[in-house]
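Can you keep this structure in mind? I'll have questions shortly.
Per-chain residue numbering starts at 1, and chain names A, B and C are given in the order in which the chains are listed.
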Amino acid sequence: MSGPLTAVLEVRDLVIEFGGVRALDGVSFHARKGQVLSVIGPNGAGKTTLFNVVSGIYRANAGQVLLAGQEVAGQPPHILARRGLSRTFQNLQIFFQMSVIENVMVGRHVHEGRNLLAHLCGLRSVGRQNAATREQALRLLDRVGLAAHADRLAASMAYGALKRLEIARALAIEPLVLMLDEPAAGCNPRETAELDEIIQDIARSGITVVLVEHNIRLIMKISDHIVVLNYGRKLSEGTAAEVSCDAKVVEAYLGTVDTQAGVVSVVGA
Amino acid sequence: MSEFLQFILAGMTVGAIYSVVALGFTMVFNASGVVNFAQGEFVMLGGMLTVYGMALGMPYSVAALFAVVATSLISVALYDFAIRPARGAPVYALIIITVGASILIRGLTKIAFGTGPRDLPPLLGDEPVRVAGAVILPQSMLVIASTLAIYLCLWLLLQKTLLGHAVVASANNRMAAQMVGIDVDVMTRFSFSLSAAIGAFSGILISPITLVSYDMGTMLALKGFAAAILGGMGSPLGAILGGVLVGLSEAMSAGYLSSQYKDATAFVIIILVLFVFPNGLVGKSGHERV
Amino acid sequence: MSVFESLRLSLHANGGVLALAGVMLFLPFLLTSDFHYRVIALVWIFSLAVVGLNILMGHTGVVSLGHGGFVGLGAYSVAVGPVLLGIPVWLSLLVGVLLGGFLALLIGKPLLRLKGHYLAAATLGFGILVFMLFSNEVRWTGGPDGMSVKRLNLFGWEVRGAQTWYWVGAGVLLVGAWMARNLERSPTGRALQAIHGSEVAAAITGVDVAGYKLIAFVLSALYATAAGAMMALMNGHVTPGIGDFLVSLQLLTMVVLGGMGSLLGAVVGAALLLVLPQFLTVVHDYEHAFIGLILIVCMIFLRSGIVPTLHARFRKYQ
C-alpha cells in the first residue's frame, strides 16, 4: 500500500484562524494519483475554507501543502495553476460576459504564449495560437457535453450546464489535481448522474480529484477515500464503508448515536 | 514658537472642516456602503445658499437655516434619484454616479451663481484674538468648537437615542433591520440628510474665513476623503482625528515647506497611506467569500 | 481555407477598424471649414486616449479619475523638451510617451493593489498632483499661462494646420484602434476579460491578475500620453488645463457614454462629447452640469454604454 510518498497532493497540519476562530485546526490528509478523494462534514466544518487555503486564496497560519512533493503553501493562485492545481467554485465564478468556449479558452492561458508585442500587432503566430486554443477548448466542451453551445453567451446557459462549464475550464489547465467544490449542489438527479460519469472519467485519465460534497449518495458511489471534517478538525477517514460505520461521524451529523436504529441506513439514506 | 502655534491653529481650523466632511463620508458609507464623492459640494452649498438667501433679503439666521434645509433636501434627492435606483450596481458604477452628482451640483451652481467667490460676514466680529503669541480669528474658534459640538451631538444621537440605534442597525444589517420593523430607506435618507446638514452648517461657518466659490467642493471632498481613510473609513472618531491630522499636515507643509503645494499634502497622504495600508488605517482586509 | 475565406474572416475580425477607416475617408466630404477639421481632429485625438482608457476600464473595472495627468504629461513633454533640453520635437514626443509608460509602471504596481473607492481616490490624487506640478513650476512650464509649443518637424515636413492634423490624428487613431482590436483577440485580451468577469476565477485559472492590470494600466497611460502630445502639437500652445480634473472627467464620460470595452464606443463617446456642444452654443458654461448628468443617467439606465446596448438590441432581432 503506497503512502504519502506517492501522494500528488498532501496537506499537513493546516491551521487557519479568522479573528480568533480556528476554521482549520491541524488538518492532514493526502491524495494519490487518479484517486477520487471526498471531503465531507456538517456545514461550517471548514470544507470550503480548506479548498480556499489549498488553492491559494487564503493564507494558512501554519501547516504545509505539498503538490507533487513540492511545498506550495502561500503561493498565489495563478502560480498554483501553473503547477497543476485547479478548482471549481461553490458559487459559480463563471465569466458571464464571455462565450462558453471563451470561458474554457481562458483555461488554456497557462499553456499559451505571453508575448505582449505579438498580441498587439496581431502576428500570424497569435492567430495560430488562438486556433489551437479554440480547438482544445472545443474538445473539452465535448467531454462535458457542451460542444453544441460553444458560441453562446455564458450568461444564457442553465445552472447545471454552467457547473459543467466550470469543470471544463478547470480541466483546460491540464491539472494534476482537480478540486471540485460542491459540483452537484442544486443539480437534479439526471444532472448528478452526468456529473458522476464526468468525474469518474476524469479520475480514469489520471487526474486526482478532490471533492467537497453534501450529496452522500454520490460520495459513497465514486469516492476511493473519504475525509470527514468537523469544527475544522479531521474527524475520521477511510473508505465509504469504514466512514459510514464510524460512530463519531454519525454523531457529528445527527447529534446522538442510536445503536438500535442501525447506522448503515442512516448514512446511506 | 509662536509661529509654530500659528500653524497649529490654522491647521486645526481647516482640519475641523475636513473632519466634518470626513464625518459625512463615514455616515453615508455606514448607511449605504457608498462613498459619496459629492460630500464636498454640501459644504459649498451651505455657504453659497446662505449668500443667496441673504441676497433675497433674508436675515442671516433665516438664510442659514434655509441653506441647511435645502442642502439636506438636495442630498436626499441625490439618494432617491441617483443612488437608490442603482442599488446593487457594481462599485465602479456607484463611484461614477457620485462623481457625476458632484460635478452636476458644481455645474448647476456655476450656472446659477457664477464663478466669483462670495463672502459672508463673520459671526463674532473680525478682531483677531491673541493666544500665546499667535492670533486666531473668533470665527476659527467657532469652527473648531462647533465641530466638536457636532461630533458630541452625533455620538449622543447614535448611542443614546432609539432613532440613533435604528440608524446603526440599518447600516449594519439591512435585512435584519427591516425584519424588526425599521424602515431602512427612511434611515438611509436620514443619514444622507444629516451628513449634508452638518456639511452645510460647517460651510456656513467657514465661509467668512475662506470665502465660498462654486469649485471648492472637489478639493474639500478629496481632503475629507483623505481624512476619512486616514482615520479608517466607517469610524466617526477616526474621521475627526483624520481631519485634524490632514489639516495640521497641510498647515505645517505650507508653513515650513512650500505654500504652493499645500493642497498637494492631502493627496500625498492619500497615496502614501493607501500604498502601505490598501484598506485604510483601520479597515480590515475583507476575504472575498467564494 | 481559400483566400476568399480567409479574407472574409479577416474582414469580420477587423470590421470595427475598417468601418472607422471608412468614416475617416468619407467625412471630409461633409466638412466645409478649417474649424470643422479642427473639431474632428480633436475627436480623433481624444478617441485615442479613450481607446486606451477603455483597455483599462472596460476590462479591469478600474475607474481612473486621473488620466488627465498622463495627457498633461504628454503635452508638456513636447513643450518642454525642445526648450529645456534642446532636443528635437519628435524625440520629445517619443521620450514623453515612454515617460508616461514608465510613470504608469512605477505607480501602477502599488496603485492597483487598491480596490474600488480607494483606487479611484488615489488616481484622482495622482491626476491633481501632476496638474499642480505643471501649474506651479513656472520656471519650466510657464505656470498657469502655459507655454508655446514648437511644431513637429518630420524630415523637413512641418506638421501644422487643421486638415493635416485631421489626417495625422486619424492615422494614429487607426493604428491605436487596430492594436487594441488585436489585443482583444489574443490570450492577453482574454485574460483581461476574465479579470473583468471574476478576479478570483481568473487567478485560479492561471491569470496573473496584478500583472495584467498593470499591463492594462501602462497601455492606457501610453495612449493618453500620446494623445496629450498630439493635442499640444496641434494647438501650438499648452496650459495646465490640458491635464486637469475636467479632462480626466471628460475621458471617463466618453468611455462610459460610448461603451465600456467597446472600440467603436470609444470614438462615439468622444465624438458625442466634443461635437454635440458645438451645436448647443450655450454649452460652455453648462459643461460641468452636462457631464455630471450624463454620468448619472448612463450608469443608471445605460450601464454598458451606447454602442454595446445598441449591439445587444440588434443581436436580439437577428
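Heads up, the rule we're going with is that contacts are C-beta pairs under 8 Å (C-beta built on N, C-alpha and C of every residue); 3 or more make two chains touch, one makes a residue touch a chain.
All values derive from a computational prediction rather than experimental measurement.
J.: Which chain is the middle one, judged by CA centres?
T.: C
J.: Sort the other chains by how far their Cα centres are from that of chain B and give me the top one.
T.: Centroid comparison gives A as the farthest chain from chain B.
J.: Give, as an integer number of Å, the spacing between the C-alpha centres of chain C and chain B.
T.: Spacing between the chain centres: roughly 33 Å.
J.: From the mean C-alpha coordinate of chain A to that of chain C, what's the distance rounded to whole Å?
T.: 42
J.: Rounded to the nearest whole Å, what is the centre-to-centre distance of chain A and chain B, using the mean of the C-alpha atoms as each centre?
T.: So the centre of chain A lies 48 Å away from the centre of chain B.
J.: Hey, what residues on chain C touch two or more of the other chains?
T.: If we look for residues of chain C contacting two or more partner chains, we find 200.
J.: Which residues does chain B have that touch at least 2 chains other than itself?
T.: 288, 290, in rising order.
J.: Could you list which residues of chain A touch at least two other chains?
T.: In chain A, the residues touching two or more other chains are 57, 89, 93.
J.: Which residues of chain A touch chain C in their complex?
T.: Its residues touching chain C are 55-57, 76-78, 81-82, 86-87, 89, 93-98, 102, 105-107, 109-110, 112-114, 116, 118-122, 126, 129-130, 133, 169-170, 172-173.
J.: With touch defined as at the start, can you tell me which chain C residues reach chain B in the complex?
T.: 57, 61-63, 65, 110-111, 113-118, 120-122, 124-126, 128-129, 132, 136, 200, 245, 249, 252, 256, 285-296, 298-300, 303
J.: In the complex formed with chain C, which residues of chain B make contact?
T.: 35, 82, 85-86, 89-97, 99-108, 110-111, 218, 222, 225-226, 229, 260-261, 263-264, 266-268, 270-271, 274-275, 278-280, 288, 290
J.: Using the touch definition up top, name the residues of chain C that touch chain A in the complex.
T.: 178-179, 181-183, 185-191, 193-194, 196-198, 200-209, 215
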